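In what follows, subunit A forms one complex with subunit B and a second complex with subunit C.
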Partner chain A sequence: MTTTRTPPTPGASKRAPGRSPTSTRGGAARGRRGDGRFVAVCLLPALALFALFMIWPTVSVFRMSLYTWSGFSTQMRFVGLDNFSKLLDDEQFLRAFQNTVALLVVVTVVTMGMGLFLAAVMTRQKLRGHTFYRFVLYVPNVLSVVVIAAIFSAVYDQENGLLNGTLRLLSLDGLQQVWLGDQKLVLYSVATAMLWQSLGYYMVIYMSSMASIPEELYEASALDGASAARQFFAVTLPLIWQNLRTTLTFFILSAVNLSFVLVRAMTGGGPDGASEVLLSYMYKQAYTNSAYGYGMAIGVVIFAFSFLVSLLVSRATRREPLQF
Partner chain B sequence: MTTINKSGPRPGRGLTHLLVGGITLLIVIPVAWVLVASLKRKSEFFGSPWTLPEGLHLRNYVDAFGGAHMGRYFATSVLVTLLGLVFVLAVSVPAAYVVARYEFRGKSIVEVALLAGLFVNVNYIVVPIFLMLVDWDRALVDVFPDGFFLDNPAMLALVYAATSIPFTIYLLSAYFRSIPGDFEEAALLDGASRFRIMTRVMLPMARPAVTTVILFNFLAYWNDFIIALTLLPGEGKTLQVGLLNLMAAQKAAADPGRLYAGMVIVIVPVLLLYALIQRRLIQGMAAGGVKG
Partner chain C sequence: MLRRPIVLAVAAATALSLLAGCSGGNDDADGKKTLKIAAFEGGYGRDMYVQVVDAYKAKHPDVDVQLQLSKTLEDEISPNMKAGKFPDVVVLPQGRKAALAETLVKDKALEDLTGVLDMTVPGEQSTVRSKLADGIVGNLSTNPYNDDKTYLMPMYYAPTGLVYNKGLFAQKGWQVPTSWDDMFKLGDAAKAEGIALFTYPTAGYLDSFFFALLADVGGEQFYKEAMTYSEGVWKTAQARQVLDITAKLLTYAAKTTVGYANEQDFTKNQQSLLDNKTLFMPNGTWVVGEMKDAPRATGFEWAMAPLPAVTAGGKRYLTTIVESAWVPSGAQNKDAAKDFVAYLYSDEAAGIFAKANAIQPIKGIASTLPAEIAPFYQLYEDPSITALVGGFASTAPVEGVNIKGTLFDTANSIISGDKTVDQWQTALNDASEKLRQAGK
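What follows is the complex of A and B.
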């Protein structure tokens, strides 16, 4: 077993142990009799759980979207794409769609801008106490969404909330708002909570990718007389571009998912559907309305939407990777 | 900074400090405010939100733990989280090791499926999982008239474990691959069995990756409420769902002290853990590009 290693041909471990001399990395007990059984014993429990609780439910989402049935009755009726064509006339659905897209755009732009700014000043200016700042800014990321929803419900509370109470204290009573009860405001209130939750997370990601940019590049551009802002756009941004693209995918996913859990815990989609997002509408249909087939059709749309947007964004932002 | 400041102390520097400090304050204030408010008397909630409580009103905590059952929910959460971690490690460590080190038929299919699993968000599939468990309960109604699969903390833990398998295997197998094969070959020459090599040689060496996996999964299980809300509809709730109920109850009863105390009970364990391991958490996140 020191020089001869089994090839990575499929099934070799079962049928012909240790015949080919092709070597692979790693040094496990490869190609011995009984490998197949060992592999199976190690792999099957994980695969069984994965198939049962992830693959099968995912397939179910797609399958169920083609049926209609209500509640716990077992009678399912195949309706083809009817659920999907109904969606086009569903104003509540369209509104939820709009809200999701609005959150996606606003939260992404603001969070990314602030995250980049913070990361840049922390890494470039070696701000005193930057480890402390990083520690604090990352805290919201370990808190649960329910806790964040509870915190912001308290902050936004109409009577005794931190926000309105402070405004009253400053004699700015005129600026007091019903932050979660005003149809025009509620989406921004949710967006603020999302920003609060994820700013530190993205800052840390950007910091770690900025930290790997060699110092010489900045020294060279400083000799050319580039200002800090110019350096940021000419050196930093192009060199962390791949990292930025990755986080764009995260932003898309969190606009869909984080917005839902926050809305679910904080506003319940209200007032009057003003803060409804796609996933919360899906839940409403599935649980309170017992329209499982219809709900799953919404699920399929969300899935397709986030996949397509990720793909488009990834295409649109493709650049030749820069080496440094 | 070693570069010479030509223009003396730069004015931009103070401004950045102010900006960064200001943003940091915006993060700190709401959390600190909750901690302080949890000690206030009912009458102290009216008026200015900036007043400090006159005394330590620990009654709120007694109310939250007992009256609002947060103590019991805490126990459920601990149980579910621990069980979930045990389940996910028990199935993922061997699977990740085999994926990293062995060749077998259908390996590429397994790898692709697990990779695709990384992109399946639980929010989509909770409904089918719920309906599946309802079906199972209905099928076994003769054996378990009260149902077995729903309202079962162990089942919730199993679902948690299952939904984090792709991520766990992804991280662990990447780490196993990075360990040189010499150690296994040496152990093999000593006559160690495959199982022994895995558990006694490789697992201890993969400890940093296992720690990272435990951390992220702990946070995911402890903080989840969507799956818990769906799969434990009865009395035995987790802490997050309990807090959600407390929020709803508070809107009606106007007893904020209990709610704030409940929030602190949920926040403190996570904050303590974070303070202990923040360096590792942030490093792990930066290395794996993990969505937290």
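What follows is the complex of A and C.
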């Protein structure tokens, strides 16, 4: 691994610390204090909005999870941690939790693997028409979830769907499935839609960071006799490591959020709860079942879970940043 | 030197305007009463509400009626309601996913509208009560606490039952079965011709099926016990019979049913009826409008039948869906709201609603029914058929328990073999018991 370590380029050392444009003016101390006040005033609207729409609701979620409340009335009953202990006995909640974790693992591994592979192929192999492929792969990312659900409804249709139709054409009738009706398959059908939706986005992120790796490193490793695969693992991967870590956090967020919107539009959590995920179950409990406090307790679990997983992933993947 | 104060002022103004944008208070300045009506824009369309509000405005120039119509009404009015800003009148079907009316019922946050029943309909001589069809108020769907106070005014009523294609039955020379034995015999005969006996759009549509079947099997008293979570009701022989009949019927279900039983694809299950691939599905009068542009087999003709009788010549029930109008306790103009609700039962309003196929439970309305839905309503004239109104009683919310989900959605698992009838019965008993304790 040390071979990839290069001395800092001369340009990097020029950015010396402590040289801000303001300090070139006279009366530095007075000016800086004035600037501070100005900056604070400028930030105030944004901070106020942030506090109002981000911090306050988050705190509210935690507070509400300790109450029994239907969502509308003025009667709120404090129940302590009751909502959380009920969660442990709730089979549907445990199922939704399992589904979320399964989606998190499957979608992360596959999207990341495919995204990295496609990005490496497109940046390193100079494919003809690679901008076209990039465009095609990125398009799903700008589509609304409702459109995606409609597309996949056409793909998964058990009678005239693209998937079963293709299988019939290839005389593989035995492989035809009821993609959204089979309780063992439905989660993977949703996972495929998630993958299709997000693959282009991650590929573009990886491509942009790969494009900034200096060509000399590849030339040097090629002279040392490294194959393309070896270059990928010894040069590319270590140098975009920080980027990978960031996208891992995105994966966790999207597994929680994107799965909710897709599940809601595609299956409604069915058949019989087989594709229920944490957020869709939270929605059902908080609104349909009028157990708002219980829903908020699920919200707290989601918050803690995504926070914890992000933290663990971030810790586990920590490496000393490599520079080029 | 002026620059800094100006900048400060601009920043402060920005901050204030952002906050002001959030408050958005809009009280009327000219002293007019503002009446906020929120109505669900469903299968009946939006025009009828616009016309009714216009007609009301013409009679009440001093009232500023604001009409909010939406297909996702709950999503739009709930945030304001949580912030304490309530519409004055809401017209919404019950049994929707967001369960807004049900939540407010559980919360005791609806205005008592018993008084409206004795109000004179604006511009007419008779009271609201005297215009309403007999027996339409005083059940669990209008008096949710099982007492003599009416909180939900019945707006439109529609029969739900087994929808089928009359043309196909005539063509094949089949009779609509009146007993379950005949039903299953028909299922075998149809299977031989590649036609499935039964399907459902989504499992949620089984509500009308189960409610009627519970009453068919055990009578109205048993139905009421099931709906009010009477102790051990799901362990009874009658409950087992209901589940057994259903499970047997589900073995005759079209094999595409479960795969299409979701929000995205449920019309494909409905389409299978239009294509003569399935004989029956539980549905309501709205399906006529919902599928009006869909292609269909030649000679297709909508018809509806009640469930077959459990015992020969036994009473058959037709689950009747009632949409309702209600006034939240938090409404600002309750008197104006009640006046408007009374107006909704005037001949003028009823005429506008009926043109859009929204039929109100008003005496004598049968003569004004549009031709395409008249046969559905004629079922009520059969002496062996009784209308069944209501649904599960409201209790305080119970965390993690949704008995409708347990009763209906499990059908998907019964068809696919992921659950057994025993598991179904046990789960229902557990859910019912928890709700019973919450309702005490």
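A few notes on this one:
The criterion applied here is as follows: the second predicted complex is superposed on the first by the 267 of 324 C-alpha atoms of A that agree within 3 Å, B and C clash if a C-alpha of one lies under 4 Å from a C-alpha of the other, contacts with A are read in each partner's own complex, and residues count from 1 in each chain.
The rule is simple: a contact is a pair of C-beta atoms (placed from the backbone, for glycine too) under 8 Å apart; a residue touches a chain by one contact, two chains touch by 3 or more.
In this text, all values refer to a predicted model and were calculated from it rather than measured experimentally.
In the overlay built on the shared chain, the residue A:Tyr201 is in contact with subunit B alone; subunit C does not reach it. Residue contacts after overlaying the shared chain place A:Leu49 against subunit B and subunit C alike. Once the two complexes are overlaid on the shared chain, A:Ser290 sits against subunit C while remaining clear of subunit B. By the touch criterion stated above, A:Gly273 is placed in contact with subunit C alone, subunit B being left untouched. Judged by the touch definition given at the top, the superposed model places A:Thr246 against subunit B, while subunit C stays out of reach. In the superposition on chain A, A:Ala265 contacts both subunit B and subunit C.
Once the two complexes are laid over each other on the shared chain, residue contacts for A:Ser153 go to subunit B and to subunit C alike. With both complexes superposed, B is the one of subunit B and subunit C in contact with more subunit A residues. Legend: residue contacts after superposition of the two complexes on their common chain; A:Val41 is shown touching both subunit B and subunit C. Touch criterion met: A:Gly165 reaches subunit B, while subunit C stays clear of it. Counting contacts by the rule stated earlier, residues 34, 38, 41-42, 45, 49, 52, 72, 149-150, 153, 159, 265, 287, 292 of subunit A appear in both its interface with subunit B and its interface with subunit C. Here subunit C touches subunit A in the complex through residues 4, 7-8, 11-12, 14-15, 18-19, 22, 74, 78, 81-82, 97-99, 102-104, 106-109, 202-203, 256-265, 268, 397-402, 405, 409-410, 412-413, 416, 418-419, going by the rule given at the top. By the touch criterion given at the top, residues 1-2, 6-14, 24-30, 32, 34-36, 38-39, 41-43, 45-47, 49-50, 52-58, 60-61, 64, 72, 114, 118, 121-122, 125-128, 133-147, 149-155, 159-162, 165-166, 168-169, 196, 199-201, 204-205, 208-209, 222, 228, 246, 250, 253-254, 256-257, 260-261, 264-265, 279, 282-283, 286-287, 292, 295-296, 299, 302-303 of subunit A touch subunit B in their complex.
In the complex of the two chains, the subunit A residues touching subunit C come out as 34, 38, 41-42, 44-45, 48-49, 52, 68, 70-73, 75, 83, 86-87, 89-90, 92-93, 149-150, 153, 157-159, 178-183, 265-268, 270-274, 284-285, 287-294. Only residues 1, 3, 12-13, 16-17, 19-21, 23-24, 26-31, 33-34, 37, 45-50, 90-92, 94-95, 97-107, 110, 113-114, 117, 120-121, 123-125, 127-129, 131-132, 134, 158-159, 161-163, 165-166, 169, 177, 180-185, 188-189, 194-195, 197-198, 219, 222-226, 240-241, 243-244, 247, 256, 259-260, 263, 266-267, 270-271, 273-274, 278, 281-282, 285-286, 289, 291-292 of subunit B touch subunit A when the two sit together in their complex.
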